[in-house]
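See below for the structure under consideration.
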């Protein structure tokens, strides 16, 4: 392996991690802090991607598309919270799972009725569509670099909001004891709605940024949702820091597994055997990682409360 | 003197079982009132209804002349009512410091408001545990935190529901001293507590509840003079 | 059980016995076979999830492994149901013991996710087993008597009957009550001197073994097994069935499974947008029937009784 | 009298905080030993270590001469140790009798029974009813625990602890939140129990402590600063400055 | 009196990520029924549609229902091989004809071929074989190949290697349903091959092309694909980066025959989009069934007669000449196509030339049809 390949793969791991972080952050906010398992998070991600695609193709500007998607998805998220999800806060996790799974099905079908079953077109903006030469001889896709930048910025912003602002404290207080927070003067309904909007906006950012790399299609939220859950569980629920570390861990382990495992196995077992089991092993790796982390730390790496 | 809090004919219930049957209660500005009664007579329920945590089935609650009935708890809190609730209800996932500063306010623009430093001075153990999560405090420390948290909102009306429960004797005395100082500073307070002697020393007037109804009302002098009240209504 | 409940149970049992006689075609028999198999699988999850309070998101692992044991043994020439079924159930119990022993260190959502992790690992193992069909799955030729839909139906019916009776007894037994109390208040049970971990593990193992048995029946019914049987979506579906039917209600698993499958089948034959209907149904159930369908039935029943008393 | 519970050199740190600091304590068989001390002194932490839910960093705990420092909680229960919680901890959705039956069943030891319906096991229910009677909940047997008044829940809490037929009972603030009459009832209950039990009582209600205790130990900053008969403790100037203040001096 | 309808069971992937393919196949199939005037051999046609949700178990349930409850005369529609393999057993046992409009597993092409199974599309390996031959003929001799780690993926690379004899830069298997190929793309960059061949179905294929282009490799290392990885659905989702890509197919939009003109213009008119091969295969499947029903005069009771009529493949295929091999898989030409822009600037697959003429699959000799 050449050094450039190693650096490129590390960047890939970081980028995959940050990508997952965008989703996991919203999920951990809603799940950890509001104690609500929201499977429909993946649907908001999908809506964000579709809105970006639609507005981008209508206006010709990707960034306009992203902006519109963020606003649109946040509004849809808040509407969803006010109409349905609000009823679920007091319910147990299982009811939340069932109800939000129902929402996934509904949203999928609605999206399919509006946009059709085929994937829709969404490409990276012209300026970012090619590779950039970081140092002579080393090129990396510009859009993925952009993604890394956005991921870091969002992470910093979230850290600040949740850990350093009074709003962050209110949210955490409201999550642990809603009634008492109200009695202390926190306008809890409004607050949760806003937080939900923030989570939805993060989904839209993730959808808009991942859309051009992955494809924009019905059901795109489900598979990635599981990964996002893996991330927040590894990191410890409710912790933005945990989500970030968990996301990076998953990203890097997954990347390393796919990049290195076949090589290692090839040395150990020979080419044929390596291609035979390499794939399965690489797929198992992140689940193995999660199981190991939980075995060692049953509440994840950075549990927010215990 | 105007009545800061005026409760008339208050009725409340948990589901089908009615608990309050027409409670009257009035607190003037600057006054300290004790609410007494045996276990389960409806003291906490009265407080919860005033705070808007439980809907009033009947009667009327007025604060500074405004009707509170039907208002959500957060609005009532923002009008200047703060509570030290039964069972402390500390936010376990906030640190001690965060529990204190998250809700700090001075809406009535009190000239010499409560600050973090003043609360820490009142309860030194809190200062030492500043960065601990609320869930990691001993029972007594949580109680101090609950009082501190309420003071930090600089309320017009402070409600204490069994605020000395679980406190060591020294600290309990400290709380009583603190309440007298608050009173001296003009704070209006509604207190529920089981230490009748201390309450008599502190409060101006008392209301005794029996099964959700007012059984007796009167001044501290009257209560301390008539020991039969104690044994009849309070089981002392 | 009250008299009325006995009566209803009796009528349902009789109806189920008569299904092959009255069925217009094989499809009906197969559909009912399937309903019964999933009723068993969902009931086994209900033991773990509803009574034991352990939200396993990897329950399909046992369902799939049970099926694969039958499949792999059958293609290797060992077709005798006595051997394959016993081995399958034992292996699933063993698997549940292993997974449970590790997973039970965690609680809450962490437990959900670690059970999922193990199921996913197994999923990928079967995907990579190329000699047994890999991702494409493995067609199985069940031994002759089981190839007759009617015979198989009765075998399934009897199996389900036995298992439900077993579950009923377990629920009312000392063990069952201990497990339920652990769900209610774990730290208290520990303080009372219960070895909580052991109880939960045994409950988890029973659930896994029964799910494995359901998987065995399923493989025989479909004459086919694929990694899909242990995919996370299958685990999710089992969970949906239990929640839909009523968590921790004895008939919750069975009723949820039946309604879920019938709803899917029925809506699927009406429109290709059938998922919209299923989604809406789930949402409505959660919002308006917190105890699931069984809860709905019993509160409707209570209301009727009250009204009759009033009249 | 011999020491039923014997603690020596116990340490427990939470981060930088030493919650139990070289603590030594002995509770003699048959006595009611009260443990008092300021808030945050480490009383609950100490009880937790004796019950086995908190693992000490170092030191030794012996019950009747047997080293139990590293035994899991349920094994300690079987050796005759039971506790109540500072915050009421009962099975809220179960009736009083169901609560107690669970406790009786635990002591019975044969809980891996899968077949026989519990309803048919008369002796479980008889014993549960007996304990309900003993803690004064005889007439409230069929009420859901969650619907009991606070004081009654505490009584149930004690009842649950009794189901294991303990030799040593750990009571953590049993009087918390009780009015005068409820407290009086609880004090009576404890007094009755002490006839056949050894009790370690943590309580801030000094009236009750001085009424009930044979011996008192005072815990300050995780360390026992004084131990002895109630009068000696009351008179001890260190205890007065650290804990009692003028409430009891008066 | 109205004669009994011909019942055709259509099981396909109509929801979920793979649904684009199933929906196209169904549209093509329905278009053909419409062109047939809704009848075959004088009998009206009833198409009963079921969604397999890309799950073999669900497909199996649907098949049992269609076979046992609806007693369909023909079955068709399945896109994915794994679902085909699950559904095959009950279909063949009930002696119902299955006309595959896409799935072409090798199991049914060799020793496991079946008198009741007909494939009107291709055998899974064929398009890969064609690409292997083309890449080989073009003189590339250091090719990087990759595919997902499941049977169809492994068959794809085997098929490619059957006709490609040069050196392999590397052979990589990716995860099934993988979405992000950044890792593999860096491996390709590092290996510096002179061409890349990959088979990635559905969404994975779309993503691979996008990411390959974004990494700047499309301009440097040519990418070759089987036809279904570069079809109209993929073009729609990927857009501009597709321009210039080569791919292999058994059919092309501009094939000049009457049936194809009727199909392509009819499809564009009806559905306002350019048809994919799935639509084309759906169309041909319906036409094949119709030809057989006509041949037996609408009387389906004699299964041998129906089989003989199907084997004759006496229908006007949109791909021109069409014949069945002994294993009921097609003997047909395979073309090279390239994605280019038409006059109005839209991307489409242009026919470049023929790679194979009358090509047969590699398994037909093992088929005895017993």
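All chains are identified by letter, namely A, B, C, D and E, in their written order; residue positions are counted from 1 within each chain.
In this text, contacts are C-beta pairs under 8 Å (C-beta built on N, C-alpha and C of every residue); 3 or more make two chains touch, one makes a residue touch a chain.
In this text the structure is predicted, and so the values were computed from the model without any measurement.
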item	value
Lowest number of touching-chain links that must be crossed from chain D to chain E	2
Chains touching both chain C and chain D, listed by label	none
Of all other chains, the one whose Cα centre sits farthest from chain C	B
Of A-C and C-E, whichever chain pair has more C-beta contact pairs	A-C
Between chain A and chain D, centroid-to-centroid distance (C-alpha), Å	48
Inter-chain centre distance, chain A versus chain E - centres from mean C-alpha coordinates, in Å	34
Chain centre separation (chain B, chain C; CA means) in Å	52
Distance between the centres, which are taken as Cα means, of chain B and chain A, whole angstrom	45
Chain E: positions in contact with at least two other chains	14-15, 149, 176
Residues within chain C bordering two or more other chains	127-128, 130, 275
Touching chain combinations (by label order)	A-B, A-C, A-E, B-D, C-D, C-E
Touch list for chain E against partner chain A, complex	14-17, 19-20, 23, 149, 171-177, 179-180, 182-184, 186-187, 189-190, 203, 206-207, 210-211, 213-216, 233, 236-241
Touching residues (chain side chain B, partner chain D) in the complex	37-40, 86-87, 125, 129, 136-141, 143-144, 162, 165-173, 194, 234-236
List of chain D residues in touch with chain B within their complex	14, 36-44, 86, 149-151, 173, 176-182, 184, 204, 206, 242-248
Touch list for chain C against partner chain A, complex	49, 55, 102, 105-110, 113-114, 116-118, 120-121, 124-125, 127-128, 130, 232, 236, 239-240, 243-244, 247, 273, 275-276, 278-283, 285-287, 290
Contacting residues of chain A [partner chain C, same complex]	31, 37, 84, 87-88, 91, 93-95, 97-99, 101-110, 112-113, 226, 229-230, 233, 237, 276-277, 279-280, 283-284, 287-288, 290-291, 294-295, 298-300
